[in-house]
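Multiple structures are listed underneath, in structure tokens.
Each of the next two complexes has chain A plus one more chain, namely chain B in the first and chain C in the second.
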Partner chain A sequence: MAIIQVEHLSFAYTTDLEPVKVLDDINLEIDKGEAFALMGPTGAGKSTLCLALNGIIPHLVNGTMDGRVLVDGIDTRDTYPAALSQTVGIIHQDPDSQLFCPSVEEEVAFGLENAGLARQEITERIDWALRVVRMDAYRKSSPARLSGGQKQRVAIACSLALLPKVLVLDEPTSSLDPAGQAEVYEAVERLRRERQVTLVLVGTDAEHSAAYTAHMAFLIAGKIIALGEPQKLLADKQLVTLAGVYPPQMMELAWELNSRCQTSYNWLHMGQAESDLRARLQDPRSHG
Partner chain B sequence: MAEPIIRINRLSHAYEEGTPAIHDITLDIPDNAFLAIIGHNGAGKTTLVKHFNGLLKPSRGQVLVTGIDVASTSTAALAHLVGFVFQNPDHQIFSGTVQEEVAFGLKNLGIASHEVERRVGQILDELEIGAFRDTPPAMLGYGLRRKITLAAVLAMDPRILVLDEPTVGLDAHSTNEFFNHINRMHQQGHSIILVTHDMRLAARYSSSCLVMRQGCTIGYDTTRNIFSNSNLLACAGLAQPAVTRLGSALQDAGMPANLLSVEEFADAYLGLSEHTL
Partner chain C sequence: MSFAYDLFQNGDSWLYRLDPRVKLLASICGSALLLSCRNFWLVLVALLLILAILLSAGISRATLGSTLRILVPVMVMIVLFTALFTPVEGTRLFQFWIVTCTTGSLLLGITLGLRIAALAYVILAWLYTTDQSALTRSLVALGLPHPWGLTLAIALRHIPLLAATFRQISDAQQARALELSRGSLLHKARAFIPITVAMIINSLRTAEALSRALVSRGFGAPIQRTIWRPLKMRAADWVWLAMILVSTVVGLIARYAFGFGIDNWFLFS
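Now for the complex of A and B:
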């Protein structure tokens, strides 16, 4: 069942000059409990689409919206973002834009207190969310003193603690080191598996998102130009290049070998590449 | 032996709380280096490089940039020598239009206005942001704001360029474009210091690597030697790029374990399998 339905969505920002059209007739359905990747180049409209998923658009941004967005059956035009925030959590690419409390634990508590939860429940959720992002040792620290990656993990904990049905991650790990990235992806994937949280992973880097998502869309200049399984979409070098997406390195290797020796390799993971190439090295007659 | 462009001697730095963010670092960076500084979040990479243009002064030890002691030199005086691109573009954007932003540093260097205009136009075109020259930077998306900060620093043509996670928020196309430009600057003799946790970038572009962990340096060698040492990287909370790992996994079938890029992997593999269908 679809938890997110985007129907003929267009949006243009109002500016002093002409309106700037950023989204153009977007249609999407995302099922409950699925992980979905939205990929595309800088300026494609990805972040604008994210804002339309929790009602910030059309309620808090100047512009004209056509079409509609339904989240868990709720039409975002009829519901204010404050009410939608417990259904859809958004984690932005720049954590500085969302951290303002004097300590990490107060930061995580902020949304929970606004949601009117009991003190005991708040404490338990703070403990849990900070453990998930491995920031429990910093609960008394000031967010301003943390490194970029640590701040991002706190921002993620703030959203996680609200236990939203849909978690939108807008380039959430680009400032994290490899260990931190893996931790975040594992944490959100665990939420999806265990609590049926729907994940929307937004970004330009398919190295991780391809491994975790069942469906992927490419957004270019405000339009969805491709929608399908990551393994199929990412095999298309021309499409991936056009979309400014960083392919998984194993797919890049498949492209390179395919172009140089007319094979048809298609790899997302190292395991796939290893078994094909090992077979080939041991038996030169086998082909990809 | 030529003079190093940056000499770091027993450098330590502690922020106000007293815990050292970096501890007792000694190293020379040769002229025309393409050095990647890699390490986990909070390892001290940014703290270290902020000493190169005097944004931070050593708590202990000494940093010499082209022989100049940064402790006794102002950041303004070092600006023509060391260009610095920060992680967060909003920390360095303040002008009303893209054009003014990129021109700001050049004007401060006292460069004639026609030359300022020429350089600004050239760099905006190279980074494909010429269309936004009259737009307020605040109106633009994160990726575009990043490009503007890069343009502003690149326009000053500094001898040493410090890039602190320069491509976070940029798409693949913009990253390639950006590094094409950086490679050209490197070939022209500039020294490049790239702070990153993107192992694909470090492996592909740098020629030497400094590995940091908890404020200390734990490795300084050629990029190839660093990346073939999986234990060292793991110790720093990092991992080899997938092609390097794949080479290692296929070592028993004859593949090398120190490959750095897709192209290198393909060359080695095709050489081995005589796979020339």
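Now for the complex of A and C:
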């Protein structure tokens, strides 16, 4: 059952010169509890689509929107984004711009206070959210003094504490080192498994998202040019290059081997490569 | 962009534990007393007292020093302008064209310069020791609507961030051959235009990102907001409140009924 339905969504930013069309007739359905990856180059309209998912577009951004977005049956055109905060949580690219409280626990409490929850429930949710993202040891720390990965995990805890049904992560690891990236992806995947939270992972690098998501879409110049399983989409080198997406390293290796050795490997991660190569070593005639 | 720049200094001393509403009232009363006084000795004692309070509260000398470095140019300008352009009785030190400097005008200038430093530290005592959420809660508890309180608290917190951004952009522009230290005053003023433009764009972007983050976390939702940790006055807070109010009333009566602190040099005129 689809929890996100995007129907014929188009959006153009209003500027002094002429409207700039960023999204062009987007149609998308994402099922409840699914992890979905939206990939594309810079300027493709990914962040704009994210803003449309929690109602910031059309309520807080100047522009013209056509079509509609339904999240858990709620039409975002009729609901103010603040009221949608308990349905859709959004983690923006820059964690610094999302954190403004003096301590980690107060950062998480901010959204819960806005939701009008009782004090005891706020305390319980803070404890739970910080435990899930493994930041409970830093609850009294100032967010400004945390590492990039820790900040992003606090930002996730802030959204998570509101118990949203959908979590949108707009390039959540773009400013993080590999260890920080792994921290964030592990935290959100654990959430999806344990709480059935629907994940929308947005970015240009498919290294991590391909391993965690069931479906993937390529967005170029405001249009979805391909939609399907990551394994199938990423195997198409021409399409991946056209979409400006960084493929997983194992997939690049598979492309190289396929072109040099006339094989047909298709790997997203080390495990797949290992089993194929073991089979090949035992039986050199396998895969071609 | 990092949000690490903050007026609030981490700590856990007696001043930190004081209710933020009492601290706000202390800042207001302290400012009122200082503004009503122009006696050199009283202003000097007030400045030393506030510095002693800040040091006893655990605010580092480095923090106080860095604030003083920002204040010194303002203090020097106040001393110069007052000494040169405010006619006050006293021994004439020098005269040039329409400018006359006397011992009285110089003393008044020094007093006003010290007073601006004391005023800054009185207000900073509140900001150094009150974190943003306590700041917002205290303003809201005093009757300000929550969005206003939060906006004011975030704005106060971001003053040092703006200064840091200015420095960052200025360094980047100078690395790209922007000349700020040479040339005429007009040339220097022009050189600041690209920095100012970049800073305005940067500030607008930060404000936009912050507003989206606030809304995404339910700020402005049509729901009655709760407060996770409401402020509570303790016995010590009531004692401080009483002391502050009594001192302010006594100080203002002494000033306006008995002329205490009007003269620049003598305590009673």
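The working rule: the second predicted complex is superposed on the first by the 280 of 288 C-alpha atoms of A that agree within 3 Å, B and C clash if a C-alpha of one lies under 4 Å from a C-alpha of the other, contacts with A are read in each partner's own complex, and residues count from 1 in each chain.
The rule is simple: a contact is a pair of C-beta atoms (placed from the backbone, for glycine too) under 8 Å apart; a residue touches a chain by one contact, two chains touch by 3 or more.
This one's a predicted model, so the numbers in the text were calculated from it and none came from an experiment.
Enquirer: Classify the contacts of A:41 with the two partner chains as first (chain B alone), second (chain C alone), both, or neither.
Expert: first
Enquirer: Which partner does A:4 reach: the first (chain B), the second (chain C), both, or neither?
Expert: Touch status of A:4: no partner.
Enquirer: Who does A:159 touch here: chain B (first), chain C (second), both, or neither?
Expert: second
Enquirer: Going by the contact rule set out at the top, does A:83 touch chain B (first), chain C (second), both, or neither?
Expert: A:83: touches chain C, not chain B.
Enquirer: If you stack the two complexes on chain A, which partner ends up touching A:109: first (chain B), second (chain C), both, or neither?
Expert: The answer is second: A:109 touches chain C but not chain B.
Enquirer: Which partner chains sit in contact with A:12 here, chain B, chain C, both or neither? Use first/second/both/neither.
Expert: neither
Enquirer: Pick one for A:177: touches chain B only (first), chain C only (second), both, or neither.
Expert: first
Enquirer: A:262 in the overlay: touching chain B, chain C, both, or neither? Say first, second, both or neither.
Expert: first
Enquirer: Who does A:94 touch here: chain B (first), chain C (second), both, or neither?
Expert: both
Enquirer: If you lay the two complexes on top of each other, which residues of chain A touch chain B in one and chain C in the other?
Expert: 94, 96, 145
Enquirer: In the complex, go through chain B and note every residue touching chain A.
Expert: Per the touch definition, chain B meets chain A at residues 15, 39-42, 46, 87-88, 90, 139, 141-144, 165, 168-175, 197, 199-200, 237-239, 241-243, 245-246, 249-250, 253-255, 262-263, 265-266, 269-270, 272-277.
Enquirer: Please output the residues of chain C touching chain A within their complex, sorted ascending.
Expert: Counting only chain C, the residues touching chain A are 1-4, 6, 8, 10, 131-133, 154, 157, 206, 209-213, 215-229.
Enquirer: Would you pull the chain A residues touching chain C in the complex into a rising list?
Expert: Interface residues on the chain A side: 51, 54, 56, 60, 80-83, 85-86, 89-90, 92, 94, 96-103, 106, 109-119, 122-123, 142-145, 158-159, 162.
Enquirer: State the interface residues of chain A toward chain B in the complex, per the touch definition above.
Expert: Chain A reaches chain B through residues 15, 40-43, 47, 93-94, 96, 145-150, 171, 174-180, 204, 241, 243-250, 252-253, 256-257, 260-263, 270, 273-274, 277-278, 280-282, 284.
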